[in-house]
Amino acid sequence: MTEKITRKQIDRRWIFLFMFIGVALPLIFTIGFPIETSENSEIVYDLIDNTPSGSKVILSFDYDPASMPELHPMAEAVMRHCFRKKIKVIVTALWPMGVQMAEDTFSQLKADFPDVSYGRDYVNMGFKAGGIVTLQAMGKNFREVFPKDMNGTPIDELPIMDGINNFNNINFILAFSAGDPGIKQWVQIAHDTYGITVSGGVTGVSAPAVIPYVNEQKQLTGLLAGLKGAAEYERLTKEPGSATKGMDAQSIAHMIIILFIAIGNINYWRNKAKEKRGA
Amino acid sequence: MKKIIFLFFLFFTCLLFSEDILFEVNDIPNDDGSALQLRWNASNISAEKIVIERKDNGGKPTFVLETDKSTGEFVDGTEISTGIEYSYKLTAYNENNEILATANSVTFSKAQWFNFKKLSLLIMSLIMIISIVYYIYSARSGKELYIRKIAGLESMDESVGRATEMGRPILFIPGTLDLDDMQTIAGLTLLGRLAQKAAEYEADIIVPVCRSMVLSTAKEVVKEAYLKAGRPDAYKPDSVFYLTDDQFGFVAGVDGIIIREKPAANFFLGAFYAESLILAETGFSSGAIQTAGTAMPSQLPFFVVACDYTLIGEELFAASAYLSKEPHQLGSLKGQDMGKAVFVIALVIGIILEISGIHFLKDFLTIH
Amino acid sequence: MKRKIPLVITFIVGIVVIISEFIPHKPFGRISGELENWYLIIAGFAIILGQMNLFKVNLFKIRYKQKNWQFYIITLISFIIMVSCGLFWGTENNPGLFGNAESITSVVGSKPFDYLFDNIYQHLQATMFSLLAFFIASAAYRAFIARTLESNLLLIAAILVMLGNTSLGSSLTCWLPENLKFLHLPNISSFIMKFPTTAGQRAIMIGAGLGIIGSSLRIILGIERSYLGGE
């Protein structure tokens, strides 16, 4: 009977329509709700902010265009922070499209950081297939896994790669991850096997599965979760960007879901009362 | 008194004549001998540049590192072999590129036969293995084992029967990850059993896959299942096909199949990410009876909401053994449960010890 | 024999990989690395197998005019266009067989492959992902009904987390004094995510981890054979 009652609900296409309007309007007309930072985002910020200039870090772009709205603003904010702190960035990708994502991020920042030179302060080593197997091989010998960068320049000709033989010469690894292979594999290999600091950003939907790694053993040093994480990071760096704008849309979307949950419950109880009266 | 004066004298002499640079090269413990750990501290002198060179067995020096960090660590993993004497020389330069000081260190690299950092992992693994192997043999000797009912698996016959009655196909997705993920293999083991049932009931089965390695395995599994059911003629080679490696391209393809073919039963068994809800909701709207199973905790709520039956975490891995009803397979499940009991006890003891401020168990179990 | 060889290979490889986890000394450390390389090579070749299968299956459906055969023409055309663009004119920094397509690049602004990638592929992917927002809304509407004590708890937790994850949520409770800060919606949301959710997730993860060990052992010992198509 419960099933019968629940089925007497409104057509889901109405929900889709309201959702569409609720997300689209705030993207066009900015509302500007305040953003509060969470502890996990602050940890990621502190990690980068306390890294000495000249240090070398790996940013892994393990996502594709599908997750761009959530992970791209995050990647941009983090890379911007790295460049501002004069941290040298080595980009790797466990997803084929990650290479393109990193290039897109770098090209957006080029104008703001004209001094950042490719090969000296930033390098894109390209995509490597194999996921966890590749990470294990990187831990043993980075140069064997990435003998050339994405343009085919030999690793020995890239000044940024001087002295990089494995994970031990990297300050930390920060992975932007939309799934598998991604942040979980970085934790398992780079942190758990080689003891390197690993941090990262994930899509909102996969955050609950990754949060357990932010623990006392610091398997993950902080975590940027979804668009909210990206907006928080933008706030911490005091450089609002697309994530801050997107948070308005997310807030409204959540409110619409809550509203429909309320309608669903009212309908359910009303139908139940009717059934009782009918019986 | 004399002693004290002598000790003071010795201390100050040491301070006066102490080296400007601290430089040491050591073998990395618990490794295969393919790397050496270099540590230096030249903060006493205002060094602007540190250069480290290496000589193998007294041969020509090779460049190792150049850095502006006066204190640091470096792992030299380039062409290091065991049994060779490596002589390292550190040279510190000032801003005019003049040598301030040098330091030397000589060492050998050694390979270890056991990684002691993983001792706790070995112990835990042995507990699990012994427990599973014991119960497998105990089940073989005829001991009766109780396994609780798993609704999602009990309903498999019902789903296949429904598909046969309606004359519609069964859709099976073995997850979106490759063969190196255990969930995909668990999904494929279930595919074998489901395909056999489908062959027996004369129902069609559609298996779109998103990894090429999974394609060849899934094809073989379905073909063998039809053969075993005595219906090799009914096997359609194109029932298992590759769509794309791309996560959402795959979802679009499968959603299209669900809408066009309207399968009577959908099985989503394997590893899933954000695509889980898109697949399950489309399946729900098509009115199919849906069974899902995954060990991805973040996707389980979506499957629970949109599917009729959900295999949660370990149930997916237990499914094949459960369906086989073979004593030695069921024995392994029992062994697994015993291993779990041991871990729960360790967990409780660990919590009590941590609350009491004793950290040895946590430190022992932490692997780095 | 056909069945025994894969079982023997599985057993040997499984044992070697387990041993190499604990023994860093040669040859164990190296064997594991070599096996990993083999996997990469096989995975690389398997991609060709997948593409061939895609081509064959679609062509077959068009040739025999199976149900909805028109859709498969679109798949094949898209496939051929993308492969040809990449092969003939390359991608961003890599030239193709016919060079860099300067004439096309001067008109559209980027190489044909990159143009299609940026303007079609990326948007199609983002569209599919954004469907999730709609489906989450409809699934939440259906699932969060206050029927029993458990479903009430689930409903309350869901609303608190949803509110806490928005800017609106924080502005709703920002007036609370410092000593009541734990009642601040983002803090409640973070508490739910950090403790009850993490506890549940960990329980599932531990169970799944043990399940993986159990399944692996069954496969290595040759007890589980259904992935080979047999009992």
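Chains here go by letter, A, B and C, matching the order in which they are written, and residues are numbered from 1 within each.
Operating definition for what follows: contacts are C-beta pairs under 8 Å (C-beta built on N, C-alpha and C of every residue); 3 or more make two chains touch, one makes a residue touch a chain.
Since the model is a prediction, treat every value here as computed from it, not as a measurement.
Because contacts link each chain to all the remaining chains, their graph is best described as complete. Contact analysis places B-C first among chain pairs (by count of C-beta pairs in contact). Subunit B and subunit C have Cα centroids separated by 15 Å.
If you average the Cα atoms of subunit A and of subunit B, the two centres end up 21 Å apart. The residues of subunit B that reach two or more other chains are 178, 180, 246, 248, 274, 297-298, listed in rising order.
Multi-chain contact residues of subunit C (touching two or more other chains) are listed as 39, 43, 125, 128-129, 132, 136, 138, 140, 142, 201, 205. Residue positions 12, 64, 66-67, 133, 140, 205, 207-209 of subunit A each touch two or more of the other chains. For subunit A in complex with subunit B, the residues that touch the partner chain are 12, 54, 64, 66-67, 131-133, 140-141, 143, 162-163, 165-166, 168-169, 178-180, 192, 195, 203, 205-209, 217. By the touch criterion stated above, subunit A contacts subunit C in their complex at residues 2, 6, 9, 12, 15-16, 19-20, 23, 33-36, 38-39, 64-69, 100, 103, 129-130, 133-134, 136-137, 140, 150-152, 204-205, 207-209, 211-212, 226, 228, 231, 247-248, 250-258, 260-261, 263-265, 268. For subunit B in complex with subunit C, the residues that touch the partner chain are 30-33, 111-115, 118, 121-122, 125, 128-129, 132-133, 136, 178, 180, 182, 185-186, 188-190, 192-193, 211-213, 215-217, 220-225, 227-228, 238, 241-246, 248-249, 251-252, 256, 260, 274, 277-278, 281, 295, 297-298, 300, 302, 304-306, 312-318, 320-321, 324, 326, 328-329, 332-333, 335-336, 339-340, 343.
On the side of subunit C, the complex with subunit A involves touching residues 33, 36-37, 39-40, 43-44, 92-94, 117, 121-123, 125-126, 128-130, 132-134, 136-138, 140-142, 144-147, 155, 158-159, 162-163, 165-171, 174, 186, 190, 193-194, 197-198, 201-202, 205.
Chain contact summary for the complex, subunit C toward subunit B: residues 18, 21-26, 29-30, 39, 42-43, 46-51, 53-54, 57, 60, 67-68, 71, 124-125, 128-129, 131-132, 135-136, 138-140, 142-143, 200-201, 204-208, 210-219, 221, 223-224, 226-231.
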